[in-house]
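Structures incoming, each one as structure tokens.
One chain, chain A, links the two complexes that follow: it is found with chain B in the first and with chain C in the second.
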Partner chain A sequence: MKLELHKVKVTGVQWGPVTELRNGVLTVNKAELLAKVSGDERLASLDADLALPGEKTRIVPVKDVVEPRCKLEGKNEVFPGFIGDVESVGMGKTLVLDGAAVVTCGKIVGFQEGIVDMSGPGAQYTPFSQTNNVVLIFTPAEGLERHDYEEAGRLAGFKAAHYLASAVKNSVKADVVETFDFPTLAQAMTAHPGLPKVAYLYMLQTQGLLHDTYVYGVDAKRIIPTLICPTEVMDGAIVSGNCVSACDKNSTYSHLNNPVIRALYERHGKDYNFVGCIITNENVTLADKKRSSSYATKLAKMLGVDGMVITEEGFGNPDTDLIMNCRKAETLGIKTVLVTDEYAGRDGASQSLADACKEADALVTGGNANEMILLPPMDKVIGFPDFANVIAGGFQGSLHEDGAILVELQAITGATSELGYSKISAYTM
Partner chain B sequence: MAERPEVFTNNAYLARRVAGECRFVEGSAFDVLVALRDRIHSGARLLTHPLCGNLRPYQQPFRSALLAPPSEGEPLSVCPSSLALVEEALAVYRSCQGRWALPGKIPAAVEEDYACVDAALMQDSLERHGLWRGAC
Partner chain C sequence: MTFRVVHYINQFFAGIGGEEKAGEVLPELRQGVVGPGAALAAELKGQAEVVGTIICGDGYFAEHMEEATAKILELLNSCKPDILIAGPAFNAGRYGTACGAVCDAAAKQLGIPTVTGMYKENPGVDMYRKNTFIVSTADNARGIKEAVPTMAKLALKLLKKETVGLGPEEGYLERGVRRNYFLEETGAQRAAAMLAKKLRGEPFVTEYPMPVFDRVEPNPAVKDLKNATIALVTSGGICPKGNPDHIEASSATKYGEYDISTFAALSEADSETAHGGYDPTYANKEPNRVLPVDVLRDMEKEGVFKKLYDKYYTTVGNGTPVANAKRFGAEIGQKLKKDGVSAVILTST
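Then we have the complex of A and B:
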């Protein structure tokens, strides 16, 4: 399967009479944007605002972040099962507005979601302080049930992202074209003799309300582990319905730009033979955990891989899935590298994960989510700032009188991403 | 036929939605975990993870779990994996002792949201065992 990502660089965003992209500046007709995403009677109000890198602006509480994309060539559309039909994606040509993002903002429940600061110390921790953001702010119809509110907000984000890309697709030329090809299994098995075969085990958050992920529109808690082509992920086959634990939830933007997949491509054919991507879930019942971990690692064994990268989403309950996946893969003779983050207490001295095993001896951390940070007041706040007191990583008294917020990194969207789509890194002293 | 699973919770919102008997724990989420551990020592085994939900002890005041009761007529045996899971969950709570969110100690509207999410995460498991009677 071959996919071309036609990337057009976006260096600014502004309101204007016509939605267009000129000299890197995305101009958006606000009324047209709102008309495209409105019409869902579940939302009582829907508004939009802009947030640019360097501005003294805070967005809170962030629900999801979506990169504007649409198909230029190929069957179907991006975000299959939501915007596109359910036919397969990951082939043809896709337009990417690189540097732009749609940020959805709504108070689905009185806690959680996240903070994106466009400048100041908090901006150092979220990749979405560097994107030119079109922010959707929505409130629910009276009496709307929480599941429906979450779904309505999620769909609004996809519609807006698809609209922005579609509106400019006939008048832009790509600055960069990236080509990603993925061979058939028959070809992959015999390619690059002498190099170790490597797979990616992609864990998806699927515990329930506010903890869900969708694959081709299917609630991923209902799947058994299966293979997916990495190019399908780049076309939005996996989208987020997860708005819990802002720091390490995988936003739809992070799925689209999954850095583990990109890294596996970069060294493919040089250091290893990247032969497959397996998606699995993180459910509540122990029977589901056993079934999914056994099935996912069995698929890896059927691919004959020597090594596997495993990424987690979330913490606590999913730590058990992570360790089950690790132990079972290692027992089958597959070397593993785990990618997670840590909840090691504010001093970093507590045990980082709720589960562990001796086979988990190669692990990459996204950072300690319990680390404290003081976010200074901003000139402008988009959204609902009063919820900083009850946001993940916040506590009673988090919101100071001057508008500053004292929180753990857990409160900042994408701060400790377990896909590695974050700004925290390390170097060898 | 397998015996009816036991529901342990300190979440009244969930308890009202359980068909039939529920082991309601008056107290904190930590107290629920202690009650689970006691029951595991009596031969029950966990059917759901004791830390479901991506919510820390200083956020979520509620905990709920499903247990399979000990088999009648069988000699007592303690399920080591269930015991390990509940001990690990207790360790997570101990790591932030003093900061726990407690029922009745947070704003009512927020507490209701936490109660709803706790129940929603248990709903699928309860439905599988015919123990869910009300929509969340």
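Then we have the complex of A and C:
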């Protein structure tokens, strides 16, 4: 399967009469954007705002971040099952507005939504301080059930991201074209003789409200682990419906740009032969955990791989899924590297994971999510700052009178990415 | 501006006397440097000044820990210190313990950085390594020439809020606490590189060695259930509606104690969950799913056991550090024991 990503660099975003992209600046007709996104009676109000890198702006509570993409060539559309039909994606050409993002922000659904600061000490922890953000702000219709509210907000983000890319697709030319080709299994098995074969075991958060992930529109807690082509991921086959604490939520943006897939591609043909990507879930019952970990590692064994990177999403309960996957893979003779983050307490003195095994001897960390940070007051707050006291990572008194917020990194969107999106790590002092 | 340093030493290094005086010397403050403080002051190179020295006998400290600590903190606070430097204590056990305890209290109550020095086998090391920087020293006072410059250098780094490196580089004994920092490569790049090394059989360094957990043996089964008082304790976050004590959705710093003596069952109208780690919809609709008051009341009526304890204890087990959980458990256990509870049903989420 071959996919070309046509990337157009976006270095700024502004409102204007016509939605267009010129000299790196994305101009958006706000009324048209809102018209495209509105129409869902589950949302009582819907508005949009802009947040640019370096501005003294805070966005809270952030639910998801989505990169504007649409198809240029090839069947179907991005985000299959939501924007596109459920037919396969991952082939042809896809337009990417690289440097732009849609951020969804609305009254809180659960406790897990996050904070994005566009400047100041918090900005270095979130990748979305570096993107030119179109922010959707919404409130739920009265009495709306929470699962329905979560879904309405999620869809609004996809619609907006798809609209922005679609509106400019006929008038832009890519700055960079990246080609990703994924061979058939038959070809992959005989390619690069002498190099070890590796796979990626991609764990998807599936614990319930604000803890779900969707694959081609299917709630991933109902899947049996399966193979997915990395190019399908780049077309939005996997989208986020969760905020398992904002810091280690894999946003739709980070799924689209999955850095592990990218890093394995970079070493493909040099250090190893990257032959497959397996998705699995993180359900809450023991039977599901056992079934999924056995099935996922069995698929890896069927592929005959020698090594595997395993990424987790979330913490605590899913640590058990991570450890089961690791132990079962190693027992089958597959060498593993795990990517996770840590909850070692505010002082860093407690155990970082809720589960452990001796086979987990190669681990990459996204840092201690409990570490505290003081986010200074901002000139502008988009959204609803009052929720700082109750979101995960916050506490009664988090929100100070002057607008500063004292929180754990846990509350910052994408701060301790378990896809290894950022450069943060932790060491034992 | 020069930083203000306070130095803590024992009666021996203050030149008051050896073991025979250890129990007699009460905490006292002297202006400026005393004993090894002179070497310390020299190593601070004019960037920080030793404004005072607090002296306490090792024996006195060991026998009156609470009073001595309180008095020392009072003396310390009166100096308006930017940092506390204690010792070095080398392999002197009681001196090391005192240095560790004083540093721990100063950090917690005054919020200032602290540095001490000990031999690696000093019992004070294991007690206080997580709470302060303990510079690795020789096992006797002849090592002072090496210890003091290292302690001073580390102190200056802390005062200037510079990044403190790993223990072996900076000369302190590993504290066992995790600190975040930024590397050159993303986590994904590091993972892909680590996998390549692991597959080639080359050495690689994990970023987090696996933790070790305590295991708690369950008590034997209750023999006389008919006369037992049963309590409910949960980490599932069930609390009175509105979460009156503001138990955190994640990383809980507290637990709640609530009365259920008049409840036949919990309901949507009176209870909810504070937990941020699972779908709260079903727990909020029917809180007995997490804290089964309804079923236990039935069993109480049927005489399966004698009494459902009048209170329940609750916290949120979502990203809550083991240290906090351990403290909650110990405190709750004591209260239940005091009230004659025979057995506890622990529910999670």
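Please note the rule applied: the second predicted complex is superposed on the first by the 421 of 429 C-alpha atoms of A that agree within 3 Å, B and C clash if a C-alpha of one lies under 4 Å from a C-alpha of the other, contacts with A are read in each partner's own complex, and residues count from 1 in each chain.
Keep in mind that, in the parts below, contacts are C-beta pairs under 8 Å (C-beta built on N, C-alpha and C of every residue); 3 or more make two chains touch, one makes a residue touch a chain.
Just so it is clear, the model here is predicted, and its values are computed rather than measured.
Superposition of the two structures on chain A shows chain C clashing with chain B. Of the two partner chains placed by superposition, chain B and chain C are both touched by A:Tyr343. Touch criterion met: A:Thr285 reaches chain B, while chain C stays clear of it.
Look at A:Gly367: by the touch rule set out above, it reaches chain C but stays clear of chain B. Within the superposed three-chain model, A:Tyr272 lies in touch with chain C and out of touch with chain B [touch as defined at top].
In the superposition on chain A, contact is made by A:Lys221 with chain B only, not with chain C. Using the contact criterion defined above for the overlaid structures, shared-chain residue A:Ser425 touches chain C, although it does not reach chain B.
Contact with neither chain B nor chain C is seen for A:Ala167 once the two complexes are overlaid on the shared chain. Looking at the shared chain after the overlay, A:Met324 reaches neither chain B nor chain C. Contacts of A:His211 after superposition: both chain B and chain C are touched. The larger set of touched chain A residues comes from C, when the choice is between chain B and chain C.
Residues 110-112, 146-147, 207-211, 244-245, 284, 315-317, 343, 345, 350-351, 390, 392, 395-396, 410 of chain A are contacted both by chain B in one complex and by chain C in the other. Those residues of chain A lying in contact with chain C across their complex are 110-112, 124, 146-147, 196, 198, 207-211, 244-245, 259-260, 262-264, 266-267, 271-272, 284, 306-309, 311, 315-317, 335, 337-340, 342-353, 356-358, 360-371, 389-396, 408-410, 417-429.
Across the interface of their complex, chain A is touched by residues 130, 164, 166-167, 174-196, 198-200, 204, 206-208, 210-213, 246, 248-251, 253, 275-281, 317-319, 321-324 of chain C. Only residues 46-49, 51-56, 58-59, 66, 81, 85, 88-89, 91-92, 95-96, 99, 106-107, 109-110, 113-114, 116-117, 120-125, 128, 136 of chain B touch chain A when the two sit together in their complex. By the touch criterion given at the top, residues 109-112, 146-147, 205, 207-211, 221, 244-245, 249, 284-287, 289, 314-318, 320, 343, 345, 350-351, 354-355, 390, 392, 395-396, 410 of chain A touch chain B in their complex.
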